[in-house]
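For reference, chains read A, B, C, D, E, F and G in written order, and residue numbers begin at 1 within each chain.
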Amino acid sequence: MAGLRRLVLDVLKPHEPSNVLLAVKLSEMENVEGVNLLLREMDQNTETLKITIVGDNLNFDKIRKILEEFGAVIHSVDEIVAGRKIVESVKTEQD
Amino acid sequence: MAGLRRLVLDVLKPHEPSNVLLAVKLSEMENVEGVNLLLREMDQNTETLKITIVGDNLNFDKIRKILEEFGAVIHSVDEIVAGRKIVESVKTEQD
Amino acid sequence: MAGLRRLVLDVLKPHEPSNVLLAVKLSEMENVEGVNLLLREMDQNTETLKITIVGDNLNFDKIRKILEEFGAVIHSVDEIVAGRKIVESVKTEQD
Amino acid sequence: MAGLRRLVLDVLKPHEPSNVLLAVKLSEMENVEGVNLLLREMDQNTETLKITIVGDNLNFDKIRKILEEFGAVIHSVDEIVAGRKIVESVKTEQD
Amino acid sequence: MAGLRRLVLDVLKPHEPSNVLLAVKLSEMENVEGVNLLLREMDQNTETLKITIVGDNLNFDKIRKILEEFGAVIHSVDEIVAGRKIVESVKTEQD
Amino acid sequence: MAGLRRLVLDVLKPHEPSNVLLAVKLSEMENVEGVNLLLREMDQNTETLKITIVGDNLNFDKIRKILEEFGAVIHSVDEIVAGRKIVESVKTEQD
Amino acid sequence: MAGLRRLVLDVLKPHEPSNVLLAVKLSEMENVEGVNLLLREMDQNTETLKITIVGDNLNFDKIRKILEEFGAVIHSVDEIVAGRKIVESVKTEQD
């Protein structure tokens, strides 16, 4: 395993098509092992999501395209994990 | 294993039929491995529940139908996990 | 294993018969694997307990009957776990 | 294994005989696997202890008698675990 | 294994002889498996230490004697674990 | 394994080239097992990152050079782990 | 294994020579298994570090000498672990 292994995305999305469809669609991409989609905030027309995608050699551009097909926009990429091994962030005295 | 693997639902429900019946009913659905039903708030006529359902290829529409048979409404879908692997949400500096 | 697997009950009970007797009695029921009885509050005549019961195909009505034999009343059922697998509640951004 | 498996006691005790002796004495009772004695508060003549006793088919009356031999009184039984399996208390939204 | 298995001591000690020497000395006692010496507070002439000693059939009197050889005094015995099994304190609603 | 095993860097970087590219680039260096890149703050022109790099005999100068190729500057090295074994920082009473 | 097994040092050090060099140097000492060097505070001329050293029969005097070669001073020894087994500090009601 190598390349992109985990991405955490902050995403703005209209209510439809549904988040259930989006999660399943992302999970069916090549190289994706699993997807966690968390609802952060729900407004009248949009919702803010935190999406965690785990896999091997993830293709960031294809992920962004699928999000766009759902009318969603990536606000920020909050975490990127890459390499042979999944490395967790370590808490330091500066946190 | 694939498709929907875990759902966390915020649900409003009348007191009857009982939550014990609802939990057992959901746990007996095809592809469901287990159900956790947590009482969030209890009012005079209704209660707010947090329901976590784990399984393989969960059928969201059938789950909603069973909830409707109990007079319950899904307020929001707070978490959706999909794919071969159950992915947990990762804490980032933005949380 | 299936059916009711874990129940968390909020219970009001007179001091006598003792909680030690109640815990042992519940633990000796058919299908019960173990019982945790936690003292929440103690008043002059009554005490509030949090009772966690783990097993397989738990019989909620029989549990309630035993509680009644001890003069105890279930205030609320705070958690219900059902199914082949014990599912824990997941922390979401809505908690 | 069955019966009483773990007890958590809130105990008031004079300074002498010493807590070290009490802990060893309790740990040497039949069916007791281990004892944890935690100092909660120390006053001029007495101390408040939290005593956790783990075993199989614990004999509550004999435990109380040993405590009395040390001049100690049980204020409350804060937790009782019984059954084939040690069940931990589960955190719910009501805690 | 039996008898005293773990002691947590609150200790007042002059700066010299050094804590490094004290920790090694305690760890070399018969039946002692390991020692953790934590600095709580440092004043001009003394320091407050939290000392955790793990072993089998620990000899409390000999431990006190070694502490006295270092000019140290036990303020309180904050935890005592005894028996065949190391039992941890359980968090209850009274904590 | 020996030498530098883990580095936690506080880094200031312009938006482009992207963090995804940076994470993959670092993860492809010799001796690097994995990289975690966490977004701390995003400003108009720059972003602050926390980068954790795990491996064996990490080459700090080469890591700094790659960061410079991305226009990034190391503000501080918040944690350094070296040796045969990855040692975690221990919480003491002084933290 | 015996003697000093883990030391946690609070250290004041000038910026140069670098912390990366110091961590690697300490990790290459005889009997040292690994080193964790955490940046606590950075001032204009100095930095405060928390250094955790793990090994077997650690030589405290040699460690202090290496620190002195880097112009560093030990402010306090916050934790000392000694013996056959690494003992962690236990949380008590007095903490």
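By our rule, a residue touches a chain if its C-beta (ideal position, glycine included) is under 8 Å from a C-beta of that chain, and two chains touch if they have at least 3 such contacts.
Worth saying up front: this structure is predicted, and the values here are computed from it rather than measured.
More inter-chain C-beta contacts link the pair C-D than the other of C-E and C-D.
When the contact pairs of A-F are matched by residue number against A-B, C-E or B-D, over half are shared only with A-B. Computed centre separation for the pair subunit B/subunit C is 22 angstrom, with centres defined by C-alpha atoms. Computed from the mean C-alpha positions, the centre of subunit C lies at a distance of 49 Å from the centre of subunit G. Contact with two or more other chains is made by residues 38-39, 50, 76, 78-79, 89, 92-95 of subunit A.
Touching subunit B in their complex are the following residues of subunit F: 38-40, 50. Residues of subunit C touching subunit B in their complex: 2-5, 7, 60, 76-90, 92-95.
Residues 6, 8, 10, 19-20, 23-24, 26-28, 32-39, 42, 50, 52-54, 76, 78-79, 89, 95 of subunit A are the ones touching subunit B in the complex.
Across the interface of their complex, subunit B is touched by residues 92-94 of subunit D.
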